[in-house]
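Letters A, B, C and D name the chains as they come in the text, with residue numbers starting at 1 for each one.
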Amino acid sequence: MSLFTACRSMAEWTAEYLLIPIFNFQAGLFPPFSNPAGSVADWLGTDGGLDTLAWTYAVNIAFMVGMTNLILVIHLERKIAARIQDRRGPMLSLRSLRELKEDLAGEAPTWKFKDNYSGIGIIQNLVDGIKAITKELIVPTKADRFLFTMGPIIFISSSVFLLVLFPLSDRFAASSAPAGLMVIMAAFSIAPIGVLTSGWASNNKYSMIGGMRSAAQLMAYEIPLLLSMAGVFLLAGSFDPVTIVEQQQEGTWLFGLPMWNIIPQFIGFIVFMICILAEVERVPFDLPEAEAELVEGWTTEYSGIRYMLFLAAEYIRGFAGAAVATILFLGGWAGPWPVPPEIWFLIKVYLIIIFWIFIRWSVPRIRTDQILELGWKKLLPLSLINILIVILMVEIYPYFSNIITLPEVF
Amino acid sequence: MAEMWISMGPQHPMTHGLWTLKVKVDGETIVDADPELGYLHRSVEKMGERRKYFMNTTLTDRLCYASSTTWTHCYTHTVEELMEVEVPVRAQYIRTIMLELQRLASHLMWAGAYMPDLGHITGALYFWRDRELFLNLLELPSGSRLLYNFIRIGGVKRDLPNGFEEKTERILKLFEQRLDEYSDLFENSKIFRMRTDDVGKFTAEQAKNFGITGPNLRGCGTKFDLRKHDTYEIYEEIDWDISTREAGPGYSDCFSRYMVRIDEMKESVRIIRDCFKKMPAGATLASRIPVRAHGEAFRRTEDSRGEAMMYVVGDGSDRPYRWKIKSPMFTTMSACPHYLKGYKLADIPAIMGSIDICIGETDK
Amino acid sequence: MNIDEFMQQLSSSKGVSNISKIRKNTVKLDLTKEESLDFFVSIKSEFEHCSLISAIDNQPDFELVYHFSCMNQSIVVDDSNCAVMLEAHIYLKREAPSVDSIANIWFGADWHEREAFDLMGIYFIGHPDLRRVLLPEGFAGHPLRKDYVYEIHEEEW
Amino acid sequence: MSSKKVRGNPNLRRGVGSKTTDSDKIMEDPPAGDWLALRSDQLLEWIDNSVYNVAEFTGMREVVDRITRPIFNFAQRLSPHPLHFGIMCCAIEMGQASAPDHDIDRLGLVYRSSPRQCDVLIVNGPVCEKLRPKLKTLYEQMPEPKWVIAMGECAISGGPYWDSYSVVAGADTFMPVDVYIPGCPVRPEALMHGFLTLQKKIRAKEPGMFLRR
């Protein structure tokens, strides 16, 4: 049973027993004034209405799963970074909610800081987020107010959009477009426009340089990124994530291991991992927000919830990037039986994210000219070589057919 | 992009203190620069004229927050020259040990502050973790973590505590192991070399003319260390070498300055070990310490950042008539337009971090 | 060149008086204000590093003390590797104290001169960029002068 | 001392977000290309007013505030983000407090370099006459609600530099200070205690912000 069929039956149930009675009741209450309610009730009874409702549920579920992952990713980042640095990281424990209970109930406060700071810090991120809501939103006097507010909207909405695009498994997918990966990559490249916009509109030199760096980096890395993906598309003959993952499970390798794309296209995998790091702007490629020289990069002038959403959106992009890498090269949700495919998918994604966290906290940042040089002079030829290898493999495959079994595409 | 001025500071992660660097950039390339100081000008020289000689060690401790003992030593050394005080031999050994421990702590502070400039935050915390060891060690005799006020006119405050030698040896052994571990993370790392090689170059002749001294000058291949060339305390009896860089890859650039400081830390470990070996018993404070002084004297010592120098003029009273501080970073920073020009915007933290700025001593 | 030979050589230059050796590696001398620039140009080849320029308010007159250090071992002290220093004193009048700038000879002297101008009010003729370095623009007076009065709230001890 | 003063601009301390209340000010000199933001600002103003009036009239405001105030207060006091700003000796100890031995990150502290994203300004050294306007600017650039910690003797009263001609006699002579941490220099443990004291102060004094004028 796929996610959509589940949502569809849930939609049918809710529409029949909950929504349609409510609308009908409202329509019957003040008949002259509630024409739309009756029409909505009628529409919900049709196939189209139920489909729409089911889509809404599916998207919401995918979004909630993504957001839950977001909190886990940020928490992982902080704790693993702290462990790499021989520290403990945030330690705000669940027992600190006792203070909240006291305040809500109007009891006398007890001061047990030792209890507050003896946990694993899982609610530290929630607390940071709630605090950001209460902060003042500052718009600098000389900033372009319209673009200043539009920048975060472009960046955050395009990032959140990513969450519902990739499937967690062939049955857990909010959307399944035939050109799914192309849509994901298109959504990926919207965000730098938001960066550029907000960097320019802040009327701050650091922000502007950060925005410019982001644009330059996008130009240098988008092309090798897509070329390294082209090899996978050639093998699978499709842009659909489900098809790509199924294709990877068809072939077998030595000892009957599944031949995921990481094996025939190792060069492509390396190029893709470097490019996706640059695409989601993590160390060593986080030049747009290089803290040492540009204070906070393009987010310098943003305060409160806008800044916090920027931060969250960056982690969402990181999560989505890891998911794309998993689908393309690591066999997606394929894995041995007792563990469900969704969990396999998340395990792979989290392994990539943890790998990124290790990279982030153990290397310095690269300079602008070096990063552009790397993109144009090294990664672009390498990705072309990868495509060449894929084509050659298709050509010379018949000679090795008794050793390896490749999918029918060859 | 047209040329524009960017003002960095006084609140900026690059500055390592309080100063403003105005840079003119053409795109990302630096065309011109203009450093501006004075945000931490506490008028130490004027205040010193109102205090007695022995009171001024409080001010010299706070002169440079990263290496307070070396500055206090420079001051007391000058005043001892002015008052003609003979320091006991054991006190000289204890002073040398304290100075080298302070040099270790200061270089570790620098290394820790330099790593975030390159975007490497873990490096900072590793070096600061090791610095904590030496702070604990310095706390044992002096009773304070950062500003010790341990070196007094005519000797030191008190003798070393029991078991100090064993503790020091243990920590030095641990520290040497860790330095070896870090070599993979830093100097053998490809990205680290990409950021520091051939960045911020100046030749030895330029450096001397600019007034650049200390590790920054030794990074250019000049074998000049005041501990050997204008020797003080008991440095000539100790077995150690001047750390410098030979011509080749990684020469007179940020990487060479980094390596010189790492080598100096290893030399400091050698000096401390040798001091413990040769230290005699005896008094730690001179028996006769005058209060008044007449005449003028200057001494220069090798601070962690270069040539520290004090010039004290006494008029026969118990307070200095004029007290002039020479800070090595003051002249080094004045030349920063020369060695910043032509590099990229991202190189500013790498270059300014590598020369080890301390604004406390610079602004006086 | 030994330090004693160097002192012999110095005594022949113009405007120099009271040459003495105050430490084993330090030569002290007095300079007249007019001849100072020529003298400094002549010693540049030996003393390539300007260590310090300190200004002293001797009430009523000013005194400038230059410290130069020799780093290239062109002057030696006997057989040790001690670095030689030169201490030059220049005496200035109270009214409009001015002296020739050496910032074009030693770049390191640039900010030392700016500092002397900032805190002591001594003008350096020919300095490329003579403005305040430590105190903010618009600060009144030169605080290191002995007659500079400022307000202290607590009583003096 | 500082307790008599009103912290920050009282016009800005108004619930979620900050909008100009003065209608003349809104119409005056709108920046170029601003028509949508201008409209939305007025629209938000109108929504804000009507929601506030309705909530106040029905007594809903007290009820909502009763629930949200402890939550917002809880979040504010447990996630202090200080400004990455060092003046003198105490800045070294501030850095050392992040080191593994003391690890102030346990308290949820994240040093931000931009004053726009900070809650706490730590004044960790003597404030000189040249620095004072810059520090004041930094304080004003921080979004409400914000707190100031005077760390060390220099920031409290001038400390060892009491008789200097260029050092200001304490940070509280020109800006409000919430927590004073004595010490010269302040040890990292004392800094942690200062932050816990700030938590107490926020819990006692700062009543969260929702639908509040």
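Just so we're on the same page, a residue touches a chain if its C-beta (ideal position, glycine included) is under 8 Å from a C-beta of that chain, and two chains touch if they have at least 3 such contacts.
What you are looking at is a predicted structure, and each value in this text was computed from that prediction instead of being measured.
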item	value
Pair joined by the larger number of C-beta contacts - B-C, C-D	B-C
For subunit B paired with subunit C, centre-to-centre distance based on mean C-alpha positions, whole Å	24
Centre-of-Cα separation between subunit B and subunit A, whole angstrom	47
Whole-Å separation of chain centres (CA-atom averages), subunit A against subunit C	65
Residues of subunit A engaged with two or more neighbouring chains	85-87, 291, 295
Sequence positions of subunit D contacting 2 or more other chains	100, 113, 130, 163, 165-166
Interface hub residues of subunit C, defined as touching at least two other chains	135-136, 143, 156
Contact pairs between chains, per stated definition	A-B, A-D, B-C, B-D, C-D
Complex interface listing, subunit D residues touching subunit A	12, 16-18, 31-38, 40, 67, 69-76, 78-79, 100, 103, 105-108, 112-114, 116-117, 119, 141, 143-145, 196, 199-200, 203-204, 208-209
For the subunit D and subunit C complex, residues of the former touching the latter	129-130, 162-163, 165-166, 169
Subunit A-facing residues of subunit B, complex	1, 4, 6, 8, 12-14, 28, 115-123, 125-126, 129, 185, 189, 191-192, 194-195, 344-349
Subunit B residues within the subunit D interface of the complex	10-13, 16-18, 38-43, 46-47, 50, 58-59, 62, 65-66, 109, 112-113, 125, 128-129, 131-132, 135, 145-147, 360
Contacting residues of subunit D [partner subunit B, same complex]	83-89, 91-93, 95-96, 98-101, 113, 115, 125-126, 128, 130-131, 134, 138, 160-161, 163-167, 184-185, 187
